[in-house]
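To keep things simple, chains are lettered A, B, C, D, E and F as they appear, and every chain counts its residues starting from 1.
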Amino acid sequence: MGEAGGAAAGGPRRAPRYTGVRTFAGLPAAGLEEACDSAHCGAAVVGSPFDTATSWRPGARFAPEAIRSASVLLRPWHPLHALDVFAASGALDAGDVAITPGNAARSAEQIASALSPLCAAGTIPLLLGGDHSVALGELRAHAGVHGALGLVLLDAHADTWEDYYGERLFHGTVIRRAIEEGVLDPGRSLIAGLRGSLYSEADLDEARALGLELVSIEQLQADEPAAFAARVRERIGERPALMGFDIDVIDPSAAPATGTPEVAGLSARKALALLRALAGIRFVGFDLVEVCPPYDAPGQVTSLLAANIAYEMLALAALARRAGA
Amino acid sequence: MGEAGGAAAGGPRRAPRYTGVRTFAGLPAAGLEEACDSAHCGAAVVGSPFDTATSWRPGARFAPEAIRSASVLLRPWHPLHALDVFAASGALDAGDVAITPGNAARSAEQIASALSPLCAAGTIPLLLGGDHSVALGELRAHAGVHGALGLVLLDAHADTWEDYYGERLFHGTVIRRAIEEGVLDPGRSLIAGLRGSLYSEADLDEARALGLELVSIEQLQADEPAAFAARVRERIGERPALMGFDIDVIDPSAAPATGTPEVAGLSARKALALLRALAGIRFVGFDLVEVCPPYDAPGQVTSLLAANIAYEMLALAALARRAGA
Amino acid sequence: MGEAGGAAAGGPRRAPRYTGVRTFAGLPAAGLEEACDSAHCGAAVVGSPFDTATSWRPGARFAPEAIRSASVLLRPWHPLHALDVFAASGALDAGDVAITPGNAARSAEQIASALSPLCAAGTIPLLLGGDHSVALGELRAHAGVHGALGLVLLDAHADTWEDYYGERLFHGTVIRRAIEEGVLDPGRSLIAGLRGSLYSEADLDEARALGLELVSIEQLQADEPAAFAARVRERIGERPALMGFDIDVIDPSAAPATGTPEVAGLSARKALALLRALAGIRFVGFDLVEVCPPYDAPGQVTSLLAANIAYEMLALAALARRAGA
Amino acid sequence: MGEAGGAAAGGPRRAPRYTGVRTFAGLPAAGLEEACDSAHCGAAVVGSPFDTATSWRPGARFAPEAIRSASVLLRPWHPLHALDVFAASGALDAGDVAITPGNAARSAEQIASALSPLCAAGTIPLLLGGDHSVALGELRAHAGVHGALGLVLLDAHADTWEDYYGERLFHGTVIRRAIEEGVLDPGRSLIAGLRGSLYSEADLDEARALGLELVSIEQLQADEPAAFAARVRERIGERPALMGFDIDVIDPSAAPATGTPEVAGLSARKALALLRALAGIRFVGFDLVEVCPPYDAPGQVTSLLAANIAYEMLALAALARRAGA
Amino acid sequence: MGEAGGAAAGGPRRAPRYTGVRTFAGLPAAGLEEACDSAHCGAAVVGSPFDTATSWRPGARFAPEAIRSASVLLRPWHPLHALDVFAASGALDAGDVAITPGNAARSAEQIASALSPLCAAGTIPLLLGGDHSVALGELRAHAGVHGALGLVLLDAHADTWEDYYGERLFHGTVIRRAIEEGVLDPGRSLIAGLRGSLYSEADLDEARALGLELVSIEQLQADEPAAFAARVRERIGERPALMGFDIDVIDPSAAPATGTPEVAGLSARKALALLRALAGIRFVGFDLVEVCPPYDAPGQVTSLLAANIAYEMLALAALARRAGA
Amino acid sequence: MGEAGGAAAGGPRRAPRYTGVRTFAGLPAAGLEEACDSAHCGAAVVGSPFDTATSWRPGARFAPEAIRSASVLLRPWHPLHALDVFAASGALDAGDVAITPGNAARSAEQIASALSPLCAAGTIPLLLGGDHSVALGELRAHAGVHGALGLVLLDAHADTWEDYYGERLFHGTVIRRAIEEGVLDPGRSLIAGLRGSLYSEADLDEARALGLELVSIEQLQADEPAAFAARVRERIGERPALMGFDIDVIDPSAAPATGTPEVAGLSARKALALLRALAGIRFVGFDLVEVCPPYDAPGQVTSLLAANIAYEMLALAALARRAGA
């Protein structure tokens, strides 16, 4: 892009951050084909602006745009990992998947089709939702290459309900669907940050009965990041895994713009510390879901935090590649 | 409702307008069964909070709540029609239809089922959308009693496209679907307020080929309300008709909170004048769609205008009943 | 209410949370008479939308509506208390008291009159303010049944000033007035969370001279919830008590929408922990005041937190009834 | 004020408009005593931040601050009147009256006391409300000097109701109270811009029975400004009169931030034209009420329009003085 | 861009409008070099996100992003001109000029350098500001090819002041600077829509003394679009001209988000009609300035209107090329 | 100011806090000359509304107004320092410096000129930015009296970059410029709260190479306030020092309205504790920068926190004077 600027293109000395068509952190824009050429692309930021499967506030369709907009504040050097995140991850911005609003089943297929070549090529996709239902297509794409994946998910909700008013693919049912389809291995999966009121006493028991390990917000708050990371490593093991982040695991004070907020969540500080502690795990993909921009103005703190979480994910991608090398 | 207040319950002298659980204008809350007893209910305000079929900004699911909230400012006496609107229309608030987000086809059926008994009983429903796709279920309910209906629709868009990314029931296809199903009589229908850029030269020709009469915004702005009303009366005739109002016919300055805004629309003043000029037409139903509250804060001018449009519709309902008596 | 939905009416499988006229958490709407029939009603959510007695930002009159709106996200099962909150508390939504804006004295009488039958019947009222001045009428109603009450109050301010510009019933004077009237027993009362600049050195001494126990924010932050609860139990004893929550005890990052915010308050996490630690105390009433919705858009985090606090109060009501049985 | 800037202090060349403590248009700040010295002060901008007497949205207490803030955009030269408005009117900013929130009766007295010396000295006060109830104290001050005043009022409502829930001094009763007290001469008064639903058929008849002349919005929209001005001149005559402007006469698209908005009002363009047509009438005072800033963000269009209306009023003050000279 | 969608890429049937990295209306992204190849590019949308030279509200640096975001609602067919705007104009999106915040002089040079090759190649640039000072660099680029240009400017202000606090290149001085430099021909220029208070009586006389023709808002409102267009054609003649649009010519109700709003401006309807009437004039460039997005949330009406104005400009570009062919 | 009220003028009993032209906390307004008379003025609040040197979001020019507006909530008595802050500091509000937007170099000179007499007279200035570049002029004024100053700075960024797109005086370069000019003594300076991504690995090394001591956010969060204060005292020593506070050191949840927010910062609680721990250090000046009000609505939490930080600074000023006496 002719006049593209932004942090990834060389810092503050050439052009202001807000100059140019917005790609993630000013990364080069790429077609999916280009993003599959792992010589050029180690990781690909991909949007999936689908929000039909939302039980309260819709609007996550605007999340890829809002996160890209806030990402102009990111700079390449990660001081704690001592890493040039953009160079080390080899990231590009591959645009958005052409999903179908109103049709969750078809959109899942579109996402799976779009990501499959990336997964096959060894490019690590970082999927920006959209609501959490986008994870089903994502998991299908990965499972086509790696078999059923392990999952580390930070989320206020287990998303293992059976259905919503008869709808079986919804943002609150996606984990159950993925297990049923065999694309997610519950025995290698862990969901942390659970909190809030439930529909019935059985909700969490049913999630555990599916084979998942659950970590309550109380436990997550009490543990040091290293202890959490050790638990994750034990659960995930050495095989490929997915890292999922539902922004509603964060406290509404720091992430007001989400579809089904739950009070009393993680601070941004704790969330970043948890992510940084996961360095070295063999993640083959990442997703960041449920950012809902219409509820973020004027300060745009949720999008800003989301951009930083995506940045930490790219750092983890770089470290996973390094570990795998 | 114990402490219910609001304008419909007797004006400002008993309790402030903002007191009590919010029904439309403080009207009594009623179940659908009660609303079908025409001895008690001449008109029923019914919400259909469905917004899956939206091509740009979702959020119309919150419109029934927002319009009810703003409606506390309404008072019973309509000085231009010289009418106690609430008493003369015999209106109740019948709550919301239990639609299914993510499933437009099923929701259309739920709306049709919920409204059919009202239509059969002679109660005039005033449907608060939701996106425009809710009109399909509404038309089915009316057609079950009256056959294919005539329609006066104020709208920036003709909503006669064939499909959206393969989805056939969408807010921009609903008029075509209703004609195909035989629940809308295009020969007795007129859509006014059309404007904005189009997908192709053929868009309006195709709408006309379906048999619809189209009135551009330029013509609508140029005509006096009485001239418009005469044109409507000639088109509609004496048989039952539906009055539809898509809030995007209004200029974004007065109605910013809508799903697919088009610049350069009607003023509130012109819109009210047009509605008032339609007094006496035999409307058997009304709908008001595409109010999208997440984009309305802080002034809430769209919801306030919508509440006033709904009020004018109840006045038209009262006048239609009087004319029919 | 015909199409009523919401969490209290059976979870996500029947109708979306945003369907239907908004009562608190979708609880059945009831008249005050019905709410006095303790066979049907163990607790009654009652709004008192009065905000005349506010020294900075008015707008708390819209709090009952906003809290009801946000409460649709609540689900019945409380995992930490292992309780179906709605069933165990026997809660109904009894609408709003018909207060008189501009007249604090008369409104206090209206509140007292409306709540007295509830208190006499043994129904536990949960009063949603309005500004803090609504507590005077509430305390009168309770004192008519139980005599002077003990009070646990979480609040940034002691509200024991003598007057404001000559006005003696104001949101910052209500605790002093209640003690003077003999409806509040300072010796069984404790106010926690105090912080911020004061009018003079004497402010807190005068509050202590009234017999109140005061806990600074520093102490409250330093103590574990169990230690705080022990201190409360010792202060309150076995006789009936009121639990008050002024939302300004919360940090403005998590509760920006309040009348007189003070920086550096409690997190939502700490506040919920404190409330949960009070299980088993013999509370006969609750109030939640000073939510000011005009300052809450677009994320509505204050109303969301307030709805969760009210939910914790209903849980405490259920546990108080169980303890009393 | 040492570094005071703003338009009134000499244009854009010295310091930016947003520099300095905000007085109206950067006018010199003055005590009320100084403002009574007509050698120095021909007109005084005075705030009365009282909003207790509001039936829907409170918040007008912040209007004087918001209007002062927006007024930095005003420049001295009025091209249509060919007038240096600040020099010709001799205006100062006299700060705010120390009203008493929660007590409309006492506040009316405080306003009357504060303005009386100004009126006696021949300084023209421009009162920035607050809600419309502030006009009672203002009229008392003027009547103490001139006897019962004539009034030109642009307002969506006649404000002649008897009481609100028993409260007799409220923003919707102020015109009736002023007539009853003999401080307003209905025979020399005219209210224009009336619209919206009413409590009963009798509302406007009762207003007319008080002796007022009423002009509907339809009539006001149809007439040219000169015709309206002729009607006003005939009604007012040569004796002293007050000019009142309730911002709700404006359409909510241009003035969303007001306490009780009514749809379909005046455009800013029409309102300015009407004000300009009143040049030469012997106004001895002005008020501008019901701006409610919490509903104005982020564009602040209401405050901006209010600042311009106040500017037109200062121009009318200058022209009234010139005519009287 | 791999998954690019949007209206320009084929309508609603392939992918939702909000899919993909945002270029203007989904037009292909191009480098400036590519945009200079007139075989591929008849018109180039170019952002210049510079807002240092702003006297009141800064923030126009975010306008190119906001206008691109809102432009997804544009469709290719212009029904009144009967034109596929994107095809007929041959437009691309050439990204942003790398301006220097804090340095107006250097930024003007950067803009001139970036646009000069486009102008030389015969590609029509549509410059999205930024504040109005960006027009100086733009005019230099055009003058390098065509000599001093004629200008049609819709603007509330003449922007002919001498300096601001000593700064000579400011958004309110740009027209004077351009005339002084000889890049703007005042004798072929006309500024319309002037209104608002002035610094002194001489302001407009000085602008006229520079040779400019001025049209007041009153005249502009009174004239039919065709009369205005005739006046423009007479003034401009047959030689190359620039069309400038400062969004503050629009009424704040329809365009609240601008740097120095003036009340009582044009409606969107009138503005579009004026633009459409200019079909056939030999415009070699366009600019659209002073959109200030931080003041536009949540409805984003200003950006939406700006996107539509830019669309009308592309239509005029197509018609200018056709006329020139 | 005639009707001036506010907390500094005697508490809540005389007039509401929102009454009167807004000076900081209702302090007396003073010219700079008066503020130099140390018999009358121990500390002077001075605004410097300059925001040209901002790399992302401009708008800090409105910070002095917004902080003054929020400061009405401040009361005189500081319970932890046991101090009447306004009396003990002898503070006045000296208005704003007449800076020049668009010209950072000239503005620095204007700030230096305006503050120099204050510094010479021994009045402690509390400078309200504006962006961080305002510190250069401030440091020049102090250095003229005291020589190169020591600095305690709470900030997310070290602000030691060389230039921005060629601009050498920018908000991210100000500390480097001040060291180069010899007005800041790096050996007596400490910057704490550093976090976020960097342009390169060398960024912090270069800052340290300038002689600065840097404290990361991790260290700052881990240390008790007393430990931090000890470190500061050791670094600063007994000679005069400046205390700087860039609001972006605070977490965006509590301070969303800032120019270049960084996630995961300090809580308000921690920040106040840090400030209070610095009691007794010989501060001769204070600044508070980078509050950006357009991003603060509607809750205004950033301005509110900023007002409280300024209040803590006045308390430190009082304590510094006491210590110096």
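FYI, a residue touches a chain if its C-beta (ideal position, glycine included) is under 8 Å from a C-beta of that chain, and two chains touch if they have at least 3 such contacts.
What you see is a predicted model; the values in this text were computed from it and never measured.
Put simply, the chain farthest from chain C by mean CA position is E. Among the remaining chains, B is positioned farthest from chain F, on the basis of C-alpha centroids. Matching B-D against the pairs in D-F, B-E or C-D identifies B-E as its interface repeat (over half of contact pairs the same by residue number). A separation of 38 Å divides the Cα centre of chain A from that of chain F. In chain C, 14-16, 18, 55, 61, 98, 100-101, 164-166, 251, 253-254, 294-295, 297-298 are the positions where the chain touches two or more neighbouring chains simultaneously. Remark: chain C residues 51-55, 57-59, 61, 98, 100-104, 106, 164-167, 169-170, 294-295 touch chain D in the complex.
The residues of chain E lying in touch with chain A in their complex are 1-5, 14-16, 18-23, 29-35, 47, 49, 61-62, 65, 68-69, 93-101, 114, 294, 297-298. Every residue of chain F that touches chain C in the complex is listed here, in rising order: 7, 11-18, 72-79, 82, 84-85, 251, 253-254, 267-269, 272, 298-301, 304-305, 308, 311.
Residues of chain A that touch chain C in their complex: 55-56, 161, 163-166, 172, 196-201, 203-204, 221, 251-254, 256-257, 260-265, 294-297.
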